[in-house]
Structure formats: C-alpha cells, structure tokens
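One chain, chain A, links the two complexes that follow: it is found with chain B in the first and with chain C in the second.
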Partner chain A sequence: MSSGKIFYNTLTFLVFISLFIVIAVVISLSVTSYPIFLRDGLFFISKSVWNPVKEEYGILPALLGTLITSTLAVGLATPLAISLAVFSAEIVPPRFRALINNISDLMASLPSVIYGLWGLFILAPILNEYIMIPLHRYLGFIPLFSTKPVPTNLFTASVLLAIMIVPFASSIIREAYSAIPYYLKEAAYSIGLTRWEVIKIAIGYVKSAIFAGLFLALGRAMGETVAVAMVVGNIFNLPKSLFDMGYTIPSLIANQFPNAEAYNYMVPALYGGALMLFLIGLVINFFGLYLIKKVMIKS
Partner chain B sequence: MNKRKIIEKLMLGVISTLAVISAIPIFAIMFNVYAEGLKHVNLSFLIDLPPPPVGDRVGGIGPALVGTFTLVSLAMVIGGAIGFFTGLYLSEFSHTKLSQYTQMFLQIMVEFPTIIIGLFAYTILVAPIKRFNALAGGFALSIVIIPYIALNVREAYKSIPYTLKEAAFSLGVSAPVAYLRILLSTARRGVLTALLIGMAKVAGETAPLLFTILGTTFTYFGGLDQPINAIPLLIYNFALSPYERWHQVAWGAAAVLLTIILLIFIVSRLIVKEVKL
Partner chain C sequence: MSWAIEVNNLNVWYGDKHILKDVTFKVPKNIIFAIMGPSGCGKSTLLRAMNRLLDLNPYARVEGQVKINGIDVYSDNIDITWVRRQFGMVFQIPNPFPHLSIYENVALGPKVNGLVKDKSELDRLVKRALEQAYLWDEVKNDLKKPASMLSGGQQQRLCIARALALKPKIILMDEPTANLDPVASSKIEELMLELKEEYTIIIVTHNPQQAARISDYVAFLYMGELIEIGETSMVFTRPKHELTEKYVVGRMG
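Let's turn to the complex of A and B:
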C-alpha cells in the first residue's frame, strides 16, 4: 500500500470516529431514556411531578422553564444584538471597528461559569433591588410579576442568558450585514435617503441572517447549563410568574443527576429530559442552519 | 432640520446606546472578577490545596489547576487530532458522501448542549467502572471540541488557493507530505486559531465535567483513572456552597481562568492579524 493510500484510510477512519460519536450520543440518550417513555409515555412530558421516592417523574416545569427563559432571553437580546451589529458595521469609525468586534468575540468566548459566578453574586442582587422588586411592587397585579421576587429566579436566568447570547447572535448578523453589496447602499444613498433609512433597508436585506442568528442563539440558550443552574433557583414547581424560582432541563440534570443512581427511574427520566432538549435543539438548529445557507447562497 | 433628519439622529442615537449597553456586561464582568478575585491570587494560591470551608487557612486551587491542565491536554491530544484530520478530510475530499454526512452531523453537534455530552461520557466511561475519572472528563471535552476544530480546520484548508494545491501535488510528493507539510504551512494560521479557540473553549467548559471527574478531590493527580478537579468545576461548586471562604476562592479561581482565556484569545487574535498583513 502506498503512503497516500494509508494516509487516506487513516483519515477515513478518523472521520468515521467523529461520525460514530455523534450517532452514539443520540443512541445512548434514546436507549437509556427508553424505560421512562415505555412506562409513562407522554405523561412524562405533560405532568408536573418530581418525586423520586414514589418514582414519579414529569418534567413539564423544567420544559416550561427552558422555553420561558430562552425565549425571554432571545426577546431581550434581539434589539441589542441587531444594534451591536449595525453599530459595528455602519456607525462606528472604521478604525474602531476591529476593537468592537474583538470585544464582542471575547464576550462570546467567556466561559459560562464566569457568567454564572457574576450573575449569582453581582447581577442577581442588582436586578432584584432595582428591577424586580419595583416591578412587583407597582405592577404586581399583572400575573407575570405576581410572585414576591428573590434574587435567583427565572427572570434573572433570562437576563443572564440574554447577556450571554447577544455577542453570538450579533456576530452572525454582523457577518451578513458587512456582506451587503456596497452598490446597494450607494443606490439607496443616491436617491437622498438618510443613514437611518439606509440602515432600515439593509436590515430588511439581511432579515434571514437575523432570524438565523436569533434561532441559533435560542438553541444555545436552551442548552446552557451551569450559568443557568447558578441563577435560576432550582426549585421544581410549575412557574406561575417570571419571578418564580424554577428549573430548566439542563439545570435539572445538573442538580439531580448526582443522586439519580439511587433510584430506578430517575436516570431514564433525566436522559429523557436530555433527549427532549436534544430534539427541540435539533429542530431549532436545523432551521437556523437552513436560514444561514439561504443567506450564503444569496450573497 | 426636517422630520427625517430628526428621526435619523434619534435612531442612530438609539442604536448606539443599545450597542453600548450590550457591551457593558463584559467590562463589568472583567472588573468584578479582577476586583474580587485578584486580591486572593498569589503564588501559593496557585499551588495550595483548597481551604476548609471555615477557618483561617487561605488555601488555593493547586489541584484544580493541575486538573485543568491535564484535561485540556487530553482533550487537545484526542479531540484535537481527530478534529484536525476530520477537518482536513472534509475540505479535501468534500465530494464523498461520508464527507457530506459528517459535515452535517458536526454542524448539528457544534450546537449540542454540552451537558448531553457529559451524560454520554458518564455512560461510556464512568458507569462501567463505577468511579469518576480524569479520562472520562478528557473524553467528554474531546467530543465538545471535535466539531469546532473540524469545521474551522476545514475552513482553513478550503481557503488555500486551488493553484497552490495543484503546485504542491505536482512536486510528486506523497499525499501526507503534501497535506501535512506543504499545505499545512500555508493554512497554519487558520489551523492554529482553530486549535486555540478549541483550547479556550475546553479550558472553560463545566457542564461536561459535572458527572465525569467528581471534582471534590484534594489530591493533585492520581492517574487518569482517578477523580480529578478542574478550575471551572471548582468555581461552580464553591460558588454554590454556603461558605464565604469558598466564595472568595471561587472569585480567585475565576480571575485565574479569565486570565487564561484572555491570553489564549489575545494570542489567537495576533495570529489572525498577522495573516491579514
């Protein structure tokens, strides 16, 4: 065998390993969680109960917690991410552009445990004092704000997640925005439009990229574990307001898994939660990647 | 000024304000971490064992630092190698079905919640031997970075001009020499950046370590089949503990971790800058 052939075969072997690992992860999730779906079926998702002693598991609160925190985070992050991208691509003087992009990229690569630590000891008390308590005091009649707030709850987790996903979403938007053909903008300026009006047109032009960035950010927010586990409160009950302490699926796994082996169905239940998380994430990421592909073909 | 001009000024102001707001957290985080953390950091903090929850002993993060170094090395050797060669294949043999499927799977896996990978590593390497171990942590971190490195290495090799590739092969050298000596030196900055980004990522990952390395051990290193600690995991555990003393250690550890990440980040940016000149 020639060295080229050996090289090619080694490469193929390593690629198979990569591929195999992805498939093995999915298989291991499905196989391990199978007993809980076999026993409880869809009640596992639609019930709100976590009673290891009676072996009763229904992850609805964690599922809701995941959906609430991640969508609220994306909602809060959207205007910030778009503004940051437009600011860096359009408004800031070119010589500061690299600096701003570097800061944004650095934010995206900070470990989530540092966000968690900061969120727990710095952000949570500030949010509680200046936002949550006033909201509860003056707008407490609205069900969303009806619970008496404590520093760590679903709202704090959402704000922290929003902070974490802004740079990520913004970098995707920024890339698409800078790829807008310059003649498009020149044409817009040439008919006497103001800068803001040109920005409006440009944002419309990169709509798909914005959605793609936000969808991928949503997927990230749903899967974030430690930062959320540190500020979400970790209490298993059906959330009635944003200021309730709660759980998300990853934080539920992080907190409950260490003693799961002591029970018969807790390991399958937690793997079942992970499987649900994986499936939701899969749909969201597929959609996000599809949108990105569309943008890339366009440009 | 007419109405359109006023709206323009107003909206540009709004956008700039929002952009500035979104950048405030990074500065706040760096400020808080260094303000709270640096006062605990000195040489003995980097070497000593963690302190007991109460008492006067200052203590340090020695075992966790050793652990993070061990785990990152493991992940870079296993995950780095597999990721690099996978990326090379994805770029140079992109016409094969294997390449197309692998790329699709890796693109999905890049966004996998990393806690799922922790569960997987637990199933494969912890549950069978009933002991938390360093290898399981290194394995989990490897899985986390394989897709990152593979996809970025693919980009690096893809960016080599086709004419250069033809020239390399026209020398009559074998494929390994062409890919790993000639073309790698062209793509080395992209590859190096990919490896560095992967390294920064695994150095800060916590979720895959939760169920694989245990983390509460007070020994420095007992072998790859033994429990080990890591800085991110130590921050997580100590921050959630009720002890003020441990919170201080968590802040100190965060300052160390942040410094490591910043250094890797700056080096990777310098490399990228060089490539543009």
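Let's turn to the complex of A and C:
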C-alpha cells in the first residue's frame, strides 16, 4: 500500500470514529431515557415535580429555566455584541483593533468556571443591590419582577450568560462586518450619507450574520452548565418571575447525577432532560449554521 | 464662460507616494469629459478627489483646489456630505445596496439628505430617476424586490438612477462599463449621451476607443501628470504629445 493510500485510509477511519461517537451518544440518550418516556409520556416534559423518593419526575421548570435564561441572555447580549463588533471593525483606530479583538477572543475562550466564580461572588451581589432590589421595589407590580430577589436566581444567570456570549456572538458579527466590500461603503458615502448612516446601512447588510451569531450564541447559552449552576439558585420550582431561584437542564443534571443511581427512574429522567436539550440545541444550531451558510453564499 | 468644475494645482499623496502631480484643468458644462490613461495613472484617484471620497482613505493627503460654482470643496468648514451630493457617482463594479429594494436604493440619498418634502414627492423623484436611467420600464413592477435580483447591466443603470436622484450637477463615472458585457455597455454609453443634455459627465476610462466614441473633451493622464487635454476630435487626430499619440493608437496601456 502506498503511503498516500495509508494516509487516506487512516484519515477516513478517524473521521468515522468521530461520526460514530456522535451517533452513539444520540442512541444512548434515546435508549437510556426511553423508560421515563414509556412510563410518563409527555407528562415528563409538562409536569413540574422532582421527587426521587416517590420516583416522580417532570422537568418543565428546568426546561423553562433553560429557555428563559438563554433567550433573556441573548436579548441582553444583542446590543452589546453588535456594538462591540461595529466598534472594532469600524470605529476604533487601526492600531488598537488587534488589541480589542484579542481581548474579546480571550474572553470567549475563558473557562466558564471562572465566569461562575466571578458571577457568584461579584456579579450576583451587585446585581441584587443595584438592579434587582430597585426593580422589585418600584416595578414589582409587573409579574416579571414580582418575587423578592435573592442574589442567585434566573435573572443573575441570564446576565452572566449574556456576558459570556457577547464576545462569541460579536466575533461572528465582526467577521461579517469586516467582509463588507469597500465599494459598497464608497457607494454609501458617495450619496452623501454620514458615517452613522453608513454604519446603519452596513448593519442592515450583515443582518443575516447577526442573526446567525445570535442563534449560535443561544445554543451556547442553553448548554452552559457550570457557570449557570453556580448562580441560578438550583431550586426546583416553576418560575413565577425572573427573580425566582430556578434550575436549567444542564444545572439540573450537574446537581443531580451524583445520587441518580440510587433511584430507578432518575437516570432515565436525567437522560431525558439531556435528550430534550440535545434536540433544542440541534434545531437552534442547525438554523444558525444555515444562516451563516446563506451569508457565505451572498459574499 | 462658467465652468462645471475647476481643478487647480491638485496634488495627492498616498503616504509618501505622489499620485497626482499639479493637475489643473477646467470642464465646461453639459459635456462628456473623459479622463483616459493606463492603469495606475491616477484616474480613479482624481475622480475621488473631486467629491472628497478620498477622505475615506486615511493615508491620502490632498493639496490644491477643486471648485464647483466657485466654491472650493477643500475649503475649511465645508459640509462634506453637501460636497458629495453635488456629484452623482457611478463605480466600476455595479454596487447597488443588495439588501435594499430597488426603490430604496434610489430613494435613500434624497431621503437622508432631505431633498424631498413628502412620500409622493419622493415617489416622483424615484420614478423620474429610474426613467432617466432607462430602467423604469424594466423594474416598475418590481420596485419592492431586492436590487440583487437585477442583471449586471440593470444594476449599473440602477446605480446611475441612484446618482441622478441626488439632483447633482455633475456625474462622475469610474470605468462604468468595465465589468459589463458589450450590449449592456453600449446601453450605458447611449444613456450618457442622453444625460449630458442635463448634466456634466466626467468619465474615467482605460479604453481610448470609448473616450473617442462618447466624449466631447478628453484628458490624458500618465503617471499622475496631465499630459494633454483638448477637444476629443483634436486629441485623437492630431495629438500634441508623443505619449498621447502612443496611447491612442494602442501602443501603450
């Protein structure tokens, strides 16, 4: 066998290992969670109960917690990510550009436990003191702010997640923004647009990339485990306001797995939660990648 | 005689590189004025120095005067957006905003510059600009569709409509047919002959035949220097300068 052939075969084999692992994960998620779906059906998703002693599991609060924290995080991160991207691509003097981009990329790759620690000891008390308590005091009649806040809750988790995904989302937006052809900017300036009007046009031009970046960031926020588990409160209750302590699916799994095997149905329940997370993540990432592909074709 | 534009002792540097050297000329109104010369001679730079698009290049430095209606566009405290909308500009690559509709592409300039009072006036202006660019009949039912759906030649005429909607006095064209097929190119050339009734057109071209076909006056630019300028028929039949002669008979370029 020639060395080229050996190389090709080895490569193919290794690629198949990776693919096989992904498929194996999906199969084991499905097989292992099967008993809980067989016993409870969709009640497993629609019920709110976590009672291992009675073997009752319904993950609605964690599912809601995941959706609430991740979408709120993306909502909070959107203006920040767009601003950061436009700032670094358009406004900052060229000699500082690399510095800003490096800091942003470094923040994107920071281990999440660091964010968790900082979130727990620094961010949570500050948010509580200066944002959540005032919001509750003055706008407590709005259901979103109706619970008396404690430092660790869904809101704190959302803000921390937002901070974590800004660099990631903004780097995708920045790449797209920097790829805007020079002749389009010339056209915009040539008809008498000011710099800010040109930036507005340019943001419209990279709209799909912005959506793509935000969708991929949403996928990240949903899967984030450690940092969220440290600040979300870890109380299994159907959330009535943003200031409730809560759970997300990843934080539920991380907190419950040590004693799961002592019960008959807790392992299937945790796997069921994981399967739900996998499916939601799959849809969101798929959609994000689809948007990115559309952007690539356009440019 | 009043001039559409007067350029006096214009010098441009990119960093240390001297791109335009003491360029001086005047352009009469309602003619097509062609600037021709080999690649890299400074033609596009000259065009961008007129409407201050050169300001976008952080390494460019300009000295000298460019006067429209007696106003130097490089005088202090001048409003650069005002300067830019005195000119309509058409580029080498058809560059409509692909994510905006055909209508919005034309309407954007007048809208942000406050040239119209209301929607119906804007509608009329957009229609007239598209008619002048010979595009109206082809797009009147697709005004809401994105500009990216048009063919290359149509996109270039849309860019001309976008430029005309600013109601400029002067239209700057930077090799507007370089990326078009022959049929689309000759359409643009016909259009230019039509437009000079109302506008002064300054076109940059690296194609001497095109300059000979459409221009009334022509300037030959070589390595940043204005070598020769005059009536097109004269420059092409009896060039005064040896370099010009070489260029127009196609032995250079």
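The working rule: the second predicted complex is superposed on the first by the 299 of 299 C-alpha atoms of A that agree within 3 Å, B and C clash if a C-alpha of one lies under 4 Å from a C-alpha of the other, contacts with A are read in each partner's own complex, and residues count from 1 in each chain.
Assume a contact is a pair of C-beta atoms (placed from the backbone, for glycine too) under 8 Å apart; a residue touches a chain by one contact, two chains touch by 3 or more.
All of these numbers come straight from a predicted model, not from anything done at the bench.
S.K.: Could you classify chain B and chain C on chain A, in the superposed arrangement, as clash or fit?
M.R.: fit
S.K.: Given the touch rule stated above, what does A:189 touch, chain B (first), chain C (second), both, or neither?
M.R.: Second partner only.
S.K.: After lining up the shared chain so the two structures overlap, which partner does A:269 touch, if you call chain B first and chain C second: first, second, both or neither?
M.R.: It touches nothing on chain B or chain C.
S.K.: Tell me the contact category for A:197 with respect to chain B and chain C: first, second, both or neither.
M.R.: In the superposition, A:197 touches chain B and chain C alike.
S.K.: If we overlay the two complexes on their shared chain A, which of chain B and chain C does A:165 touch? Say first, second, both or neither.
M.R.: After superposing on A, A:165 lies clear of both chain B and chain C.
S.K.: Applying the document's definition of touch, where does A:180 land relative to chain B and chain C: first, second, both, or neither?
M.R.: A:180 contacts neither chain B nor chain C.
S.K.: Identify the partner contact of A:280: answer first if only chain B is touched, second if only chain C is, both if each is, neither if none is.
M.R.: Neither partner.
S.K.: Looking at the overlay, what does A:207 touch: chain B (first), chain C (second), both, or neither?
M.R.: A:207: touches chain C, not chain B.
S.K.: Quick check on the superposed model: minimum Cα to Cα separation from chain B to chain C, whole Å please.
M.R.: In this superposition, no C-alpha atom of chain B lies closer than 8 Å to one of chain C.
S.K.: Using the superposition on chain A as set up above, list the residues of chain A that contact both chain B and chain C.
M.R.: Touching chain B and chain C on chain A: residues 194, 197.
S.K.: Can you list the chain A residues touching chain B in their complex?
M.R.: By the definition above, chain A touches chain B via 2-4, 7-8, 10-12, 14-19, 21-25, 28-29, 32, 79-81, 83-84, 86-88, 91, 100, 102-107, 109-118, 120-122, 163, 166-167, 170, 194-197, 199, 216, 219-220, 222-226, 229-230, 250, 253-254, 257-258, 270-271, 274, 277-278, 281-282, 285-286, 289.
S.K.: Touching chain A in the complex: which residues of chain B?
M.R.: Within the complex, chain B contacts chain A at residues 4-5, 7-8, 11-12, 14-19, 21-23, 25-26, 28-29, 32-33, 36, 81-83, 85-86, 88-90, 93, 98-99, 101-102, 105-109, 111-117, 119-120, 122-124, 143, 146-147, 150, 174-176, 179, 197, 200-201, 203-207, 210-211, 232, 235-236, 239-240, 247, 250-251, 254, 257-258, 261-262, 265, 269.
S.K.: In their complex, what parts of chain A are in touch with chain C?
M.R.: Going by the criterion above, the answer is residues 94, 181, 183-194, 197, 201, 204-205, 207, 298.
S.K.: In the complex, go through chain C and note every residue touching chain A.
M.R.: Interface residues on chain C, with respect to chain A: 51, 53, 56, 58, 81-82, 84-85, 87-89, 91-93, 95-100, 108-109, 112-113, 159, 162-163, 166.
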